[in-house]
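Labels run A, B, C, D, E and F following the written order; every chain starts at residue 1.
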Amino acid sequence: MSQTSLAISKFSDLANPTRFLALAARIIPWLAGITALCFAAGLYLSFATEGDYQQGETVRIMYIHVPAAWLSMMCYTIMSVSAIGTLVWRHPLADVSAKAAAPLGAAFTLLALVTGSLWGKPMWGTWWVWDARLTSVFVLFLMYLGLIALGRAIDDPSKAARVSAVLILVGFVNIPIIKFSVEWWNTLHQSASVLRLDGPAIDPEFLRPLFVMAIAFTLLFFTLHIMAMRNEIWRRRIAAQRRLAARMANREEQT
Amino acid sequence: MHLTAENLAARRGEDLIFANISFHLRAGEALVLTGRNGSGKSTLLRVVAGLLRPEKGTVILRDGEGREDRHPGEASHYLGHRNAMKNELTVAENLEFWRVFLGNPGTAGLPVEDAAEAVGLSGITHLPFGYLSAGQQRRIAFAKLLVAHRPVWILDEPTAALDASADRLLAGLIEAHLAKGGIVLAATHQPLGLENVQEMKMTGFAGVDQGVWG
Amino acid sequence: MHLTAENLAARRGEDLIFANISFHLRAGEALVLTGRNGSGKSTLLRVVAGLLRPEKGTVILRDGEGREDRHPGEASHYLGHRNAMKNELTVAENLEFWRVFLGNPGTAGLPVEDAAEAVGLSGITHLPFGYLSAGQQRRIAFAKLLVAHRPVWILDEPTAALDASADRLLAGLIEAHLAKGGIVLAATHQPLGLENVQEMKMTGFAGVDQGVWG
Amino acid sequence: MTHAFYVYASYGFAALVTVAVTLWTWNDGRARRRELASLEAAGIRRRSARAGDGQ
Amino acid sequence: MTALFLRDLKLSIRAGGGALIGVLFFLTIVAVIPFGVGPDLKLLSRIGPAIVWIGALLAALLGLDRLFQAERDDGSLDLMLMQETPLVLTVLVKCLAHWTATSLPLVIASPLLGLFMNMDEAAIGATMLTLLVGSPAITFIGAVGAAVAVALPRGGLLVSILVLPLTIPVLIFGVSATYAAVEDPAPFLPPFLILTALTLFFTVIGPAAAALALRNTAD
Amino acid sequence: MTALFLRDLKLSIRAGGGALIGVLFFLTIVAVIPFGVGPDLKLLSRIGPAIVWIGALLAALLGLDRLFQAERDDGSLDLMLMQETPLVLTVLVKCLAHWTATSLPLVIASPLLGLFMNMDEAAIGATMLTLLVGSPAITFIGAVGAAVAVALPRGGLLVSILVLPLTIPVLIFGVSATYAAVEDPAPFLPPFLILTALTLFFTVIGPAAAALALRNTAD
């Protein structure tokens, strides 16, 4: 027993969750603080700026719709990178990262969908149309839910991680489709006007609050992601210790 | 040809099933695994066949010339608890499929009828596999080892459900394989009736592994 | 209680597997079937269990009072080659299901934990059944006979995949059942280690039956 | 409906979702920490912690 | 019998993460359709009920064919056949469990899908009602196919010929009852009553036929 | 490899109902839609290609979830994993066999359905051509889901949920190529070429991902 645990401790040096926990404990308060500040500034800016002459007040929806939409895609990208980490390097933190990100991604996608809908009613006169952009985002939402369900359906965590990783990677084809759907199909939706090769085509008046809000949302995402990863590590640690305790109890009974 | 396992450890779920298992088999040698139910015999065989990733350690098959080091999986036949046959196809169709699928053009195995003959079931190759009795199914699964040549045989309770005469038949086939320079690795609860084999007793449960999370 | 079979004949596909099989078992008696692979042991057991229609003959279970003549199927436990357990459910869930599903309100069986204890596997009832080793699965399948009471046990190779200690455990449980006035009908290739049993050797293939067409 | 309604509905929903996710993560963390503490109290220690004790 | 019901429910939930799966599946299908037909909302709302019904049919069929095969493969079927409880009852309970696990969530989620397909309230209500009443019939018909699949291991073709054509009347009356509720001239009650009658009919015939087939299993 | 192809073909015809189940399911869908749209022949012929495509998509899903699960259950998967032949190739061949058994009959039957839906010759030809080119992509995407299903105790709905969203691009280009062939302004070639590219893309990605998943689920 002692020699096996000795051998295994070598493994744990490879990818040390304990170090991650220490790091997380240090940076979470800072991240949370900065996030709150950014939100305060962003909210102030978004209500202080003028409305658009064309869209009126509703342009303010942009300041949450667009960051949420960006984050829904970024979150999936992060999950894909983690998936590569799981499959190629078998890094245990990679699968924790992917697992923790999925519910957050689902939340941000839901936010983008709902705010988009709320924006669509006054602008397009309908809550929902089945155009390429909207549907591909909806598909992204379904994929998040599917991945969460898959994670629950397989009870061996390492197997679940590897299988989900394969699916995450295959599903990545959806991200370019979302991004470029407005260019490939002519849709109702606005085409890219901020993240373009030739610079933003938006009035800086709107750009400023948009960027502050985007930063705030991104920081929020990272704060929550690190917290969720920490929770997941704790959860696995608890499971490991419970098992150990059960085995110890069995041993004592038998001897 | 040498089959070498060094310091193998494997895990099922979160428990370490065994640790520090090493063995070395030369051409013509056999290793029989024994041990209680749940002691990890099947697990070890699956690790050697490459179907389960070992937690630690390596398994290597060295060619006669000592030149090529490769994983034994590709050079092995694996006969598991399940027979790897389709109930809907006839015995002949099943065996023919494995003959073509497993066969290397160079080293051919027996034709299907001869293989069925060798396990004592030449008359019933036209029946769907699902119609056979438990012992007949097991024999046909064994015949699969004969239709394509592989130097290493990995057998998990090959004699389950077999009658005494089939036991002897199988022992004869295994001896013949060894005599031709093959290697056999078998797990069993009843003596296989082979002479001149190494034996290893598995004890099971090598300790709880906390993994990286503990 | 009497279990009587008279002039049984059964057919598989077009062939008559056996004919003119009769036996008579009183409470506390056991009959062990032996014979080559494919000789019809499983077929006979399935006929007695009512899962296969006999070509000819009858099987009757008479109550102690000789009053009620009924088919033994409903009063029997049948342990076939397959374990009748779901891989996805835990051992406890599987056993609990069969306990409720098979149980008559009147004659209760053991609680699940006690049954697992009786086959020597009390520690692992929380694991999904699919995670157990072949022998552990077989033991749990046997534990199913304990969770609900049935006077007749029909066992098809109960000791397949079991180690020696489990063999003895099972023999003990069967003896206990007989001692309580049960009836046991078992097919096997290895001696079960029971005392005081009748034995019947199946020979297989009683000849092609011309049926109504000949 | 006025445009303000859509704006406030959006901000309201965004606030709802972010707050809900944050609270959920936070609560999950607290529950885990409590479980760890109760395990610790039951005398089950981590390997590294035990090593630290000089065991 | 409750034990059997609960076990089957547990099995189908373990398999795939819960009742939500059925709903998710439906959502996915509905998300796929507009891509095919195009984003024309008028058209969508018109074919909406038909789509919802087809989705329900597909969801019920996926996995239904293994209802008894899975039991046979692990030997549980033998034990069920040996019991004193009438086999019809066992089959009925298994069907109900399957319906609860796969079709009921769809019925409950159908209003949501109606919204997606831009259907109005009356149509949504009618779809939900007809689904609730009609979907058990599909399960019961499917059970006969599943039982035949066990009895004839090589009867794959037969099963599909048996099941799909039989479901067509159910589908037709289900869909036409829904449309009758929306479009004025046609009365709602006659097709709806026929649908109810069909379901009742198959509730009796389905399990009985399935039990008969199981009893006559090849071995 | 031919041996594997033939075996899988034989199996799906003997056990799964093979060719007919897809065609029948297809027919069922086509039989029901007119009830939804009403007897408006113009409209029917307009949505015809879309319906045929959606039917093909759904029919391909039937039975796909057990592509590898059946192999796992009887132990054949173990032997396939051990071979020297790249696993990707094995997966590819199994997919091709599945496609031949379920989707090819649909392609062949599609002109018949086109007639039912009152489509004209150009539309029928275009539907058949796009189906022929596009349907393999669906099978290959489905194979990824089927490989993932090996890790699950049972397949069923979850697999379809994971797979369906990914098939949407195929559906979009398949349908739009068909419409482009019928309606003059839009050119046929660009969407058709994209469809071809998609199929080629998934022919590579699908089996590779499925093989990766299979390797990672083995225990």
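In this text, a residue touches a chain if its C-beta (ideal position, glycine included) is under 8 Å from a C-beta of that chain, and two chains touch if they have at least 3 such contacts.
Model, not experiment: these values are computed from the prediction.
Among the remaining chains, those touching subunit B as well as subunit E are A, C, F. When each chain is reduced to the average of its Cα atoms, B sits farthest from subunit E. By number of C-beta pairs in contact, the leading pair of chains is E-F. It takes 175 degrees of rotation, in steps of 5, to superpose the Cα atoms of subunit E onto those of subunit F. Work out the mean CA point of subunit A and of subunit F, and you get 32 Å between them.
Between the Cα centres of subunit D and subunit F there is a gap of 43 Å.
Note on chain placement: the centre of subunit A and the centre of subunit E lie 36 Å apart, centres being C-alpha means. Annotation for subunit E: residues 11, 14-17, 21, 24, 28, 31, 35, 38, 73, 153-154 touch two or more other chains. Counting only residues that touch two or more partner chains, subunit A has 5, 135, 139, 142, 146, 149-150, 153, 156, 237, 241, 244. Among the residues of subunit D, those in touch with two or more other chains are 46-47.
The touching residues of subunit A, counted against subunit D in their complex, run 5, 9, 18, 56-58, 60-61, 64-65, 68, 103-104, 107, 110-111, 114-115, 118-119, 121-122, 220, 224, 227-228, 230-231, 234-235, 237-238, 241-242, 244-245.
Within the complex formed with subunit B, the subunit A residues making contact are 1, 3-5, 7-8, 11-12, 14-17, 92, 156, 233, 236-237, 239-241, 243-244, 247. Residue ranges on subunit F touching subunit B, taken from their complex, read 2-4, 7, 10-11, 14-15, 73-76, 78-79, 81-84, 218-219. Residues of subunit E touching subunit A in their complex: 14-18, 20-21, 24, 27-28, 31, 34-35, 38-39, 41, 44, 116, 118. Across the complex, subunit F meets subunit E through its residues 12-18, 20-21, 24-25, 27-29, 31-33, 35-38, 43, 47, 50-51, 53-54, 57-58, 61-62, 65-66, 73, 152-158, 160-161, 164-165, 167-168, 171-172, 175.
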